[in-house]
Every structure is written in C-alpha cells, then in structure tokens.
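One chain, subunit A, links the two complexes that follow: it is found with subunit B in the first and with subunit C in the second.
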Partner chain A sequence: MSVDNTKPWEHPEVSLSSAGKYFTGYVVTLALLGVSLLLVREHAMTAFNLLATISVLAFLTTIAKLVFLFHLDFSETQRWNTLTLMLNVPLLILSVGLTSWMFQVLFRRVMMH
Partner chain B sequence: MTEVQQHWDPIFGRLTLSQVPYDNLIVCFAFFFAATLGLVILGALTYYRKWGYFWREWLTTIDHKRIGIMYAVVGTVMLFRGFVDAIMMRTQQVMAAGPASPGYLGAEHGYLPPYHYDQIYGSHGTIMLIFAATPLLAGFMNFLVPLQIGARDMAFPYINALAFWLTAVGAALTMLSLFVGDFSHAGWVGLAPLTELPYSPDVGVDYWSWAIQIGSVGTTLGAVNIITTIIKMRAPGMTWMRLPLFTWTSLTTNVIGLTAFPVLGVAIGLLSLDRYFDTHFYTTGMGGNFMLYTDLFWIWGHPEVYFIILPSWGIMSEIIPTFSQKKLFGYPVMVAATLSIGCISWTVWLHHFFTMGAGPIVNGFYSVATMLVAIPTGVKVFDWALTMVRGRVTFPTPMLWAVSAIFMQIIGGWTGMMLAIPAINYMTHNGVFVIAHFHCVVMVTVFAVIGGTTFWFPKVFGFTLHETSGKWVFWLLVGGTFIVFTAMFILGLTGMPRRLAYVPYASWWPILAIEELGVFVDIAALGAFIYQMWVSIRDRELNKAGRDPWGTSRSLEWMTHSPVPAYNFAVIPHVNARDEWAWRRDYRLHHVMPNEFKDIELPVNTPVPMFIGICSAAFGFAMIWRIWWLAIVSLVAMIAIVCLRSFGGSTGTTIPADEVRRLERLAARPSMRSRPETAIPEGVVVLGGGDAR
Partner chain C sequence: MIVAGLHDDPPGPGTVLWADIDHEHDMMSTRMLGFWLYMLSDSLIFAALFAAYAVLSYPTSFMGGPTPRDVASPLYGYAETVVLFTSVFAYGMVMVKLRHDLPRAAIGWLLVSFLIGAFFIGMETHELRDVALAGGPPQRSGFLSIFWCVVVAHGVHLLFGLLWMLVMVAQIARDGFTQLVTYRLANLKVYWLYQGLIWTFVYTFVYLRGSI
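Take a look at the complex of A and B:
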C-alpha cells in the first residue's frame, strides 16, 4: 500500500476524506454534546436516568467521531486502523469499569443513605 | 464565565504590576541569575555572529537528532531548576525544626513562609516529572529510535518539531510563574478541592494547569510519532525480534503515553471548567466529587510512572550488554516483561489513594495488581544480572551508572512492594516514607539518563566525555543520594508527614541535618558535572570519537559516523541479526563501506512549529491571566498558521548522491576508505533493498 510521497491525493486514507463528512461530523457531535449539556443544566430527569441518557449520548458521540471524522470502517484501507482502535477497548473497560466499581463501593461505605 | 474577586480589566485581565514579586529577595535573586545567564547567551550569539546559524540549524530544524538535543537541553535546564527547589525545601526543613527554630525573611520559622514553600514543592514535582524527566527521555527516544531501527528521520518530522515546541512552552510557562504571579500551592498532583477557585483564588493553579495541558499535547503528539516510526520505518531485515531493547521500551512507553495523557487532559480540562465556567465537577456537593479528580489524575499518573521508568530500563539494557561484551540475557523475556508492565500499568492506579475508603475488596484487588508489577520487574533485574555473569565486564562511567541504577531499582521496588500492602499504606500515607520510595524509583531514571548521556555523548557530539571527572560525578551523586534517602526512609518510619513547611518535632532535626548533608554532597556532584562538561569541551579535539568509541557496542546507531550526519545512514543498512553491529564485528563486516550512493530525500526546515509554539505560549499566558482578547487572537493565529502551511511550499529537499559520497569520504577514517563492498561473503546482504519485515 505504499504511495509516492509527492502525490498525497492518491493516498487511500486521504482519498477517504470529504468536506461533507467532516461537516456532518462536526454538526452531529456538537449537537449530541449540546443536548447532553442542556439536559444536565436543566436537571431534566432523575439522577439515574440522566446518567444513563448522557452515557448513551456520549457513546453515540464517540461513534459519530470515529465514523465521520476518523473515517473508520471495515474496508480494506481502514481495516488496520479500526483493528488498532480495538486495542483501546480493554483500556476503556478497565478505566471506566474499575472506576465505577470503586466509586460504587465507596458510596456504599462513606455516603449517607 | 466565573467572575474573579480580584482586579480584572479587559486589556490586561488579572495582570497588574503588583503581580511581579520584586519585594521577595529569593525571587529577585533568581531573576537576576536567569537574566544574567540569558544576557550572556544572547550576547554570545550576537558577538560570535551565530544568530543565522542558530535560526537555520536549531530554531527551524525538524531533524530528529537536533530536536532530541533540544529536548535534552530543556530537560537539563529544568532538572537544575527542580534541583534548586529540592535544595530550598531541604534547607527550609532543617532550619524550621521545632518551636524554637528562628525565622528569617518574613517567615515564622526557617526562611520560607508556608505559601512560598508550598509553591516550591508544587513546582519541584511538576518540573521534575513533567518538564525534566519526560523531555530528557523524549530527547533520548527522538535521537536514538530512528538510528536504532535504521531510518532517516521520524515518520512525521514536522509534528516532531511541533511536539518539542509545545513541551518547551509548558516548561517556559512554569518558569515564568517565578517572576510574574505565582505557582500552584496544591502540590504537583493538584490536590482537589484545594485547586478550586475559592481555595486557590490566585493564578498559581492556572499556571500549573495550562503548563501541563500544553506540554501534554506535545507529549501525546510525540507518542504518535514514535509509535508510527517504529512500526512503519524499520530498515529491511529489522524484524520485531531484532529491535534493540531501547526501541522496544520506547514503543511501550509511547503506547502508554498515547493512551494515558489524554486522561490527564480531561482531568485538568474539567478542573479548568470548574475554575473558568463555574461547573462543579470536583466540588463536594452540587453533584461533584473531588475524589473523581484524584481518580482521573492517577489513571494518568501511574502509567506516567512507567512512561518515565521504561525508557530508563531500555537505556540500562543497552549499556549493560555493551560493557559485559555479551548479548542481553533473555531478550524475548525482556520484551515480554516490558509489554506486560505496560499492560499492568493500567490496573494499579488506586494504590495512590488506598486511604480513600473504598473497602477491602477494592483495595485487595489493587494491592494484588500492584504486586504483579514485581514479576516482570524482577525478571528484568535477573536478566541484567545474568547478562553480566561470565561476561568480560568492564566499568567505565556508563556501566557504573547502569549497575547502580539496578541497585536503586531494587530499593525502590522493594519499598514499593511494601507500600502495595494497604495496611502499611494506611500508616505511611502522606508520609516521607512514600517520598523516599518514589525518589529511589525516579533516581533509576536519573542514573540511567546520566549513564545514557555518557554512553551516547560521543555519538551525538563526536567526542567522549572526560572519564575521571565523570567518576567523581558518579560517586558524589550516588553517595549524596544514599545519604539523603536513607535518612528520609528513617524519618518516614518515624512518622514524619510530607509537605511540611514547619517540622513540629525538634527531635527530628539531626536526621534532617543528615539529609541536608546529603544535599551538599549532591551539590558537589553538580559542581563535578559542570567541571566534567568544561574539561570535555575544552579537550574535544583530543577525545574525538570514531563510529564506535566503546569498541564493544552492539546496535545499529554505532554503524554510522559520530556525530551522525543529517541523513543518518548514507545507504540504509540491511539488518541480519538482533545486535547487528556486534554481528558485523564478529563477521568482520564492520568496515564495509558502500560503493554506490543514491540521492537522499530529507524533510526541509521550517519555522512553522516554532511560530505555533509562540502562539500557544501566548494562548496559555492569556488564559492564565484571563486576557480574553489575547487568547482569541493567539488561537485564531495558530489555526491560520496551520491552514497557511497546508497550502504550500516544498516540504522536502534532496542531497545529491555526489554530495553524499563527498561527505562520507570526509567522515570516514583513512583506514576505512579503501574497503569496498566486495569483501562481503556471498549470500549476505548488508546494505539496502527489500521491505522491512
């Protein structure tokens, strides 16, 4: 997959990008984050529902960024990039999962019920 | 937007003349020292008419070797600053022990008022870890990785320069806090909620947070660059299991850097939102939780420990085989140990706050995970030891440093295992026992870095360092370190808390005095180091180094000339063995010079990364002082510069084959000039061709 350095446009990863995709990416992610901010500011739901909703919105934002801004998919060109990203999944599970576990135990022990 | 209670105006934000602490004698002294040194450097550049050279060869360079040297210079300057902080802290404690201790310069006890002392320990930690150790190791990785894998430069030379400038801006903002405003008094970790605006209304925390924020963007970019370089730019034949161990540790460390530094960015970003936009992420009540900050900080903080230690182990793994005249014992196990430490680094962070109250099962999990680190670390210690067994071991300065780093590693590791036990941790938490422990660990980095500097100095500058004074530096620094930290361990076991501006018990004074004595020995080591540099530079013509000044070195970087030419290798080598240079020496192929040369394409210098650095410095300064117009202007300027650069100009230059031949003939010693490629046995490829596997 080696491409001459003097012809950047022929590079398969560069040719994947398009103004439309970037624009959609910015609009979609900003909208999702804006909705989250609004929900939190207005205390629109109960605490648990709010947490669940913004977690889902955060997940959707991540997917939107990966698809529209990083152009990740399962095509031949991007297969390795997508696979490499998968290496981050255990880290995500470790950091978010262990943090949730720690704080759940902590709250049970030290907070007023 | 949060309103600050103090003075603010739209032009200068919070900045007023009264923020310059000209009434503080210590700061004035520091200012005159820095100003004099700066004037001497600027004067010398003008007098010797070196501004053009300085601009062309350094400020605008995107050559990985020069960027590596610049990283090392920034790291060394910051190391000295951090060392001065350490001297000041030790001196304050020895002067302020017991209620009868007198006070000077406006302090109740000792010579530093608590608010000033607090800023000094905050800046000592921040500087030593983020702006001294990290840039020094980044310098090593920048310089060595492309050479060790047989590449001409980094994968992204322009981003490499940008990463350097952003790191330098972080360091510069920290230094600036000395003379304009103040620095964080909340420790290098930024203890929440002390860092919140009501408890730290001054700009100190903002200096700390923006310096780290901007610097860590640089480190993240650098990590992307080094990972890509190692994966994509290896010379033909440089398979994974032939990579030098330093390159393996660089890869692991930068994977850690790439995954961990964004967490720091988020942790400090949320703090900035609290301070600037009135959110409540880290305040108790209002839905916030200050332990969330501690959690996020250490999710980065513990991997950062391995970010600092892994390349140091890589340096030791290069030095020890060279001076044992043997290949590294257990190479595959060393690689596995390096990678597994990288993985475990992500599962241990709660051991920094066992006392949070998370309960026995959570603490037990992190305790066991932390102890797991001892397995690969122990493997490494045994591998280094077994490399020396039955080797022809010699002890020039680099080897002395490497071997003493093993001992330091054992002391730091053992006390680390003690602290991994929550019961012990509860007793020593926030005590100087912890400080002594992690200083032993970071001293591994210091020893390895000084050893590595002595080892690769001739490769970088073309002449060896003065050996006798180098040994003086070694014995003085090791001796001083031993005195300081043995005394500190004793104080820790006695129960002394960390971060004390005033030590309540006069009975601790004798041990504090021993620590101070150790610091004096360390100062003598610094003196010896300056002497060593002076003698070495004075006698540089006498100590010129060839390609392999040690005669027993093993990896690819020793194949090229010292100092290394801009193109690294005239012809990209073909790698045949794990320790290619040792392999060539064994098969008498080390004198082989290429007969044919080709044009070499290299990236062209550009001032753009420096301009972006200047803009980001202005942006950081503006955010710290809340000068909104300057923040907007500098941010827009940064984006404009990036856009403008994408439009144009040539990014590459070519060195013609004839020029390469001429430079190679000049650099080669006479004995080598007449050794043509024909001396190579049939079936062996030593130069170029094919893809890296």
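Take a look at the complex of A and C:
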C-alpha cells in the first residue's frame, strides 16, 4: 500500500475519523450502559437473568465501540487490526471464563458456605 | 507488486513467488499496527485481573468486611462512565481536527479531553478515599485487594494517557502535524479509546454486578 507521506494527516487510518461516528458511538454506548443501570436499579429480573442481560449489553457496547470509535472492519486499512483482535478474543474468553468456571465448581464442592 | 490470491491460476513454471526488490514500507501503518498489538497484550493483563476478581468475589473472600454492594455504587459509577466517555469523545474530535489539518483546534480538544479525563481521576480518587475511610482499605480482605487492584490499574492507565496528552500538546505546538506526531496521536487515540472500552467491563462486572 503506498501512501503520500508529504501530508501525514491524509493517512488512510487518520481519514477514518468522523465526528458523526464518534458522536453516534458516544450516544449508543452511554444508552446501552444506561439500560443496564436501570435494569439493575429496578431489580427487573432474577439475579441470573440480570447478570446474563447486562453481560449481553456490555458485549453490544463493545461492538458499538469497535465499530464507531475504533472503525474496525475488513477494509485494506483495518483488516489486520480486526483479525488480530479476533484472534485475541478467544484468549480473553478462555482466561476469564475457564478461571471463573474452575473456581465456581471448586467453591460449590469444597468451600464452606 | 504481484498479489497472489485464492482464485489465481495454479502456480506453473512462470509463476513469480516473491518480489525481488523490497518495496517501501509505510512507517505510520507499521507503528500503528505494532501499538495495536501492544494494546491487545495489555488486554490480557485486564483479563487476568477480571479472572482474579471473579475468583475473589465469593462471600468467603469478604472476611466479614465490605461486600461489592458496599464499595461500588452503580449510580456514581454511571456518572463516572459519562465523564470518561465524554473525554473519549473529545479525543475523537482531536482526530477529526487532525484529519482536517487544524493544529490549534486539535490542541484545544486535547486540552478538553485532558481536563475531563483529569476530572474522572478526581471522581475515582474521591470514591476510593470514601471506601478506605469506611473500613475498606485494600488489605482488609481478598475481595477488597482485587477491587482496589482493578480500579487502580485502570486509573494508572488513565494517568499515563493524561501525561501522554500533555506531551502531544507540546509536540503539536512545536512541530505541527508531522509524520511522527500524526502516528503518535493515532496511537494515543487507540490507547484512550481502549481505556473507555475497559471501563465498560469494570462498570458492568464490578459496579453493576455488585448490586444485583
């Protein structure tokens, strides 16, 4: 990929920035977390369902941030960023998920409570 | 440059497998991708902290002391969320001004982002001081140790981001939007937005989950 280096601000990654997208991301992410806040304050459902729902809302917030703020997609400029993130996500899920699962089972079976 | 794709003809005797000469590298893209990979590795640090938080938030880890419900208020946490996301949005505007080659406006938005970010640090400090005074210092229990660790680790990231912003204000003022300044601003964008992303998880799994 060749780039005109005489005007650095015209670099493809800088060109992705747009005030409209940043503002959309700002409003959408705050709204999603606002819904989480309301559900928790109202104790709108059982504890397990509530945890599942706010987890999904956190996931949607993450997607909104990645799309509107980080501008991730499969274009030539961004595809390596997107691919490396996709390869990284299983590591995050495994490290948090397996640890939580392991200790949940341990807690249930051997710890005093 | 010859690009081989999945749907090209099968290789034969005349196929060129690689280029004989090295083409010019795009220095900015290379450094931005490198910094992106660094941020992904940083996310594994937070994964380790969140895993430890999950492990240490069982009642046995409270040691009779404060519980998640006592130390993290969802409403105050949401106020912090609004403040941090506003700072992130202000940094987005820095990138928009960069794109349009307006250095003075970019410095203005950088300072706005810095001040709102510093206000967030103030809110967090105030909150943690209250927790400490109400009988919840980090050494009180396993749960409090990891609570402080998660919140302070995020706060320290923000402090370094704020320091970086001041450095960039000075560099824009001194050099304008050179190639070096531009890729650093783009990397700081990734760094600052990433702190907002991590906060999403801190808020959901520390502040909100604690009150379920």
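Here is the rule we go by: the second predicted complex is superposed on the first by the 100 of 113 C-alpha atoms of A that agree within 3 Å, B and C clash if a C-alpha of one lies under 4 Å from a C-alpha of the other, contacts with A are read in each partner's own complex, and residues count from 1 in each chain.
One rule holds for everything that comes next: a residue touches a chain if its C-beta (ideal position, glycine included) is under 8 Å from a C-beta of that chain, and two chains touch if they have at least 3 such contacts.
Just so you know, these numbers come straight off a predicted model, no measurement behind them.
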Touching partner for A:54 - first (subunit B), second (subunit C), both, neither: second
Residues of subunit A touched, compared between subunit B and subunit C (which is higher): C
Touched partner set for A:99, first subunit B, second subunit C, both or neither: both
Touching partner for A:33 - first (subunit B), second (subunit C), both, neither: second
Which of subunit B and subunit C A:18 touches, first, second, both or neither: second
Which superposed partner A:109 touches (first subunit B, second subunit C, both, neither): first
Contacts of A:88 with subunit B and subunit C, given as first, second, both or neither: both
Contacts on subunit A seen with subunit B and repeated with subunit C across the two complexes: 5, 47, 88, 91, 95, 99, 103
Touching residues (chain side subunit B, partner subunit A) in the complex: 259, 263, 287, 289, 291-292, 295, 299, 346-347, 350, 356-359, 361-362, 601, 652
Touch list for subunit A against partner subunit B, complex: 5, 47, 88, 91, 94-95, 98-99, 101-103, 105-106, 108-110
Subunit C to subunit A touching residues, read off their complex: 24, 26-29, 32-33, 36-37, 40, 43-44, 47-48, 50-52, 54-55, 58-60, 74-75, 78, 81-82, 85-86, 88-89, 92-93, 95-96, 98-101, 177-179, 181-183, 186, 190, 193, 196-197, 200-201, 203-205, 208-209, 211-212
Partner subunit C, residues of subunit A touching it in the complex: 1-3, 5, 7-9, 11-15, 17-19, 22-23, 25-26, 29-30, 33-34, 36-37, 40-41, 43, 47, 50-51, 54-55, 57-58, 61-62, 65-66, 69-70, 77, 80-81, 84-85, 88, 91-92, 95-96, 99-100, 103, 107, 111-113
